[in-house]
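Below, subunit A partners subunit B and then partners subunit C, in two separate complexes.
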Partner chain A sequence: MKLRLLLILWTWLAAAPALAVDPREVLADPALEARARALSQELRCLVCQNQSIDDSDADLARDLRKLVRERIAAGDDDRRVIDYVVSRYGDFVLLRPRLTPATYLLWFGPLAIVLLGLLALAVFYRRNRADDPAVPAPLSPDERRRLESLLKDGPR
Partner chain B sequence: MIVEAGHFALVLALCVAFVQGVLPIVGAARGNAAWMAVAPQAAIAQWLLVAVAFLALMHAYVTSDFSVLNVVLNSHTDKPLLYKISGVWGNHEGSMLLWVLILSLFGAAVALFGGNLPAAFRARVLSVHAWLAIGFYLFILLTSNPFERMLPPAENGQDLNPLLQDPGLAFHPPMLYLGYVGFSMAFSFAVAALIEGRVDASWARWVRPWTLLAWCCLTAGIALGSWWAYYELGWGGWWYWDPVENASFMPWLAGTALLHSATMVEKRDTLKGWTVFLAIVAFSLSLLGTFLVRSGVLTSVHAFATDPARGVFILLLLVFVIGGSLALFAWRGPTLRNTGLFQPISREGAMLLNNLAMMTGAAAVLLGTLYPLFLDAVGGAKVSVGPPFFNATFVPLMIPMIAAMAVGPLLAWKRGDLAAAMKRLWVAAAAAAMVALFIWQMQGDGAIFGALGIGLATWLLVGVLVEWGERIRLFRAPAGEAIGRLVRTPRASLGMTFAHAGLAIAIAGIAASTAWKVESIQTMKPGDTVDVAGYAYTFQGARRADGPNYTAVRGTFTVRKDDRPFATLEPEKRIYAVRSQPTTEAAIRTTFLGDLYAVIGDPEGTEGAFVTRIYFNPLVAWIWAGAMLMAAGGLLSLSDRRYRVGLAAGRRRDAPADASPTRA
Partner chain C sequence: MSAAVSFPMKRFLFLLPLALFLVIAGYFAMGLTRDPRVLPSVLINTPVPEFALPSIQGRDRGFASTDLQGGVALVNVFGSWCVACRVEHGFLMQLKQRGEIPIHGIDWREPDREAGPRWLAKYGDPYALIGDDPESRGVIAFGVTGAPETFLVDRQGVIRHKHVGPLTPEVWDRTLKPLIAELRKQ
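Coming up: the complex of A and B.
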């Protein structure tokens, strides 16, 4: 049983290092091809482990790459290509999850943490200042000159 | 027989750990010196016992003992000796054994070098450490026994995953584990300090070097792993935001924050509670990293152990360790008093900003890594969170921090003068603007982000050099005095200069290799030439080139630049016989400005043509050079005189407060 699991795992791993995009898939128009590559990096190879279809050698990834290129060649804009792929494979295919109520926490979480952190800092400094009544006044120009001359002449 | 001895040694280590987990801490509570004195001996005994277990397993690997299941699954008689040895930790069970070996090593280090710690404190630290060890010993013995026999023995083994048969990956796990487990020291010290309710400068002087050592190893380990991905996975990428990569990156971020806050505890006697909290978080993230990789909850390229029973065990361990320590922190943390006060614009303030950015970054990575799991668990939709998310959230968080990083070291402790610092940084600002504009003009085609990235790196690098120049009064004092100051610069501050400069160099590499990577995919017949980024690659054909345990096809490219021969590149495509698994061995020629990178794929037609991919990766080697500079900076800082002075100061811990040295 353990052996079989490992075997399955190896066959997955076997797909990892091989080559992805094949010269035969490449679109003749470099601008369209560049769009296809950019889109491919946003789409997940569904049978792989956390790889985009641009990186994967799996058959499914190849089919998806071809599909993306067909749609682009047919004149779809990026949004419609993505919509088309999602309509067939579901949201799971997107490496950049869409902003929906289910992903609010994901997309706004980091921002919320930054704001909370800044708030905590502000509170910390307020308290810090309250604890520190003896914040000295900055040096007057006169005092500063004296200090500089002392520093210059003083013993090292 | 040797294998059973190893197994038995591990069981004994568990028993010793139980004694070490109970007696010293009870002794410390009751003031019983004899019970406290058990701790160091027990820690050393543990280490010796685990070393016996580890060597026993290694012996089984080196002698190809195929009556041991673990060896059968991960080794083969034809495998080169290096990979027989690295095979010990190239699998789940063995890697856990390596984990406890390093854990016990750190425990033994406290026992051997901790003579200057107060006896009660050392006893508590070692007891806490023992409880961590108990968790892992039980995990190994109950769910992942590497010494399991197989009857009847196999004729030969099933070989190690060929992707792991690589020098880079042979040393990657030990480095990474030294980092992960190194944070266990900070953790044990933090928990022991919470139990005592006391954190002072000598505490920080103990925690900081260990954290620094762990951080250096983790930095090197991550860099090694990313370098491996770059040359072995064959498409020139070096970071994928894969869950396993994130697993090692989060403790690194927390560890970086901890290093900076521990400095403040040591020098300014402030932020104690926060530092203790960071120590707990850094180790918790290390544990979580182990959990993510080992339990297989996240399917990923690296997760080579998939077994839910183990997952449940590690989950319980996580809940116990993280939950327990955080609860202790909530209870005892508020008793820690800070005395050092400071203004927002000060060196402490800058370090606190670093802490904020690092921890927010770690939180964003954690959120993205666990979100699919979380959504799935609460019955939501199945989503993927991939590189586009991490790039969109993590990178914007880091940019302000890096901008502030050039300023921080120029501010004074307690209360800094921002205007004066900015005035001294005009050179950096001018250099950054000029470089960014120049590159933007050169490259043109919309790669504005690349130019901005290089500009940011220039700002930081020049800022670091300005600070260093100020420190030794370069150009301001006579040359003799500047040299004298250079020689006398504390190594800790020189280490900081190195580490910050290393980050600047790495950022330049990241920006350039992302923005201006050139790729060319084609079918080439022998004699065909393609031009990539000003280099002409001629395919000379391919031939067989078999190794000890694989068959291979090796292609040859001659590369010419400006019509002069420049290099010969020989990429391979290997098939490892036992597992019939292909790997690509990219051929790479590193130059100062970028890597020439060639890969050979499948044959095409009958005329000896092959699919080939050729890349030019600008400045990509700077990423690892920068990372190595960071690790070197850490080591340099570790060799600082203060730590030796500090050790002496620790011995006088019970002496009057003014005995602690005030230099530094």
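Coming up: the complex of A and C.
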């Protein structure tokens, strides 16, 4: 039992290095490498389109990773590296779209729809309560007289 | 709100979600007909980004952004591994023979130094200048996502048009030829 568990753990550990990033690409400075990895995860692979360049095995993704690392090693800050790639490929390369007036609908649209739905619900319930059959209107004087006579004499 | 006005409105209010759904579904349906691989280039009407590529084997000079000053030219991204490049190659040769426009090549990611020159020796070489691009430097400068792609650059070195996929006689007649004529007049 224990051996089997160890074996399973071992397979997990053995699988861990199966990443797209080639060991030869990795920067010597761990801090810079961490920044390169973080940036690569934000950039779309233009070949596979739904993977980041950090995940992708495509040749173009590898060359973009190399470029990101070179720029970082040359002293560019994160913003400049991202701007460089965006200036070539457009906002589409960003897996997380920037917050600009053009993307307000994208970022806030879902929230606006939820708010609209809540508003509609509130209106619906409030209106329903106003003519709720469980809370009957008070009796008119005529009805009251009839009720009293019924209670006194019973149905005729 | 008078009852006469609100009554018919209320009556059809239940159709509002359906109408909204149809509008959204319409947009999505339109989106489905578009090719996600054809991305609008952000580089149209901007100067060619700086690049300098070395020569391929058998030629004595490479290709750099400074070579694009002074005349209208095409820049074509190709590779010996690229099947669609083979499709357009015959037409590029025709353009060269007709002397229509200088075509410069970016030889992208060859498996080895000989592959590109060998391919050109076999099928013909339509290029005025060729840059070797084993690490996608030139390709990234142009925001290329796949081969073949062709750019039209004006005499100031500004990118005017990008064509994704094989360059065909139809594309030439319909888009590039009129654009080139116009750029040459300027």
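Definition applied: the second predicted complex is superposed on the first by the 90 of 156 C-alpha atoms of A that agree within 3 Å, B and C clash if a C-alpha of one lies under 4 Å from a C-alpha of the other, contacts with A are read in each partner's own complex, and residues count from 1 in each chain.
The rule we apply is simple: contacts are C-beta pairs under 8 Å (C-beta built on N, C-alpha and C of every residue); 3 or more make two chains touch, one makes a residue touch a chain.
Everything numeric here is computed off the predicted structure, so don't read it as measured data.
*Asks:* More residues of subunit A are touched by which chain, subunit B or subunit C?
*Replies:* Counted on subunit A, the partner with more touching residues turns out to be B.
*Asks:* Thinking of the overlay built on chain A, is A:P23 touched by subunit B (first), by subunit C (second), by both, or by neither?
*Replies:* In the superposition, A:P23 contacts subunit B only.
*Asks:* First (subunit B), second (subunit C), both or neither: which does A:T103 touch?
*Replies:* First partner only, subunit B.
*Asks:* A:Y89 in the overlay: touching subunit B, subunit C, both, or neither? Say first, second, both or neither.
*Replies:* second
*Asks:* Regarding the shared-chain residue A:L118, is it in contact with subunit B (first), subunit C (second), both, or neither?
*Replies:* After superposing on A, A:L118 lies in contact with subunit B but is clear of subunit C.
*Asks:* Does the superposition put A:Q49 against subunit B (first), subunit C (second), both, or neither?
*Replies:* The answer is both, since A:Q49 touches subunit B and subunit C.
*Asks:* Once the shared chain is lined up, is A:L60 touching subunit B (first), subunit C (second), both, or neither of them?
*Replies:* second
*Asks:* Show which residues of subunit A both subunit B and subunit C reach, each in its own complex.
*Replies:* Touching subunit B and subunit C on subunit A: residues 49, 90, 92.
*Asks:* Across the complex, what residues on subunit A touch subunit B?
*Replies:* Residues in contact with subunit B: 2-3, 5-6, 9-10, 13-14, 16-23, 26, 41-42, 44, 49-52, 55, 90-97, 100, 102-103, 105-107, 109-110, 113-114, 117-118, 121, 125, 128, 131-132, 135.
*Asks:* Please give the residue numbers of subunit B that touch subunit A in the complex, ascending.
*Replies:* The contact residues of subunit B facing subunit A are 73, 161, 163, 232-235, 237, 240, 242-243, 298-301, 303-304, 306-307, 341-344, 352, 356, 359-360, 363-364, 367-368, 371, 375, 380-389, 392-393, 397, 415, 521-523, 579, 581-584, 599, 601-602, 611, 613.
*Asks:* Okay, in this complex, where on subunit A does subunit C touch?
*Replies:* For subunit A paired with subunit C, touching residues are 46-47, 49, 59-60, 63-64, 66-67, 86-90, 92.
*Asks:* Of all residues in subunit C, which touch subunit A in the complex?
*Replies:* 36-37, 39-43, 49, 109, 135-137, 139-143, 145-146
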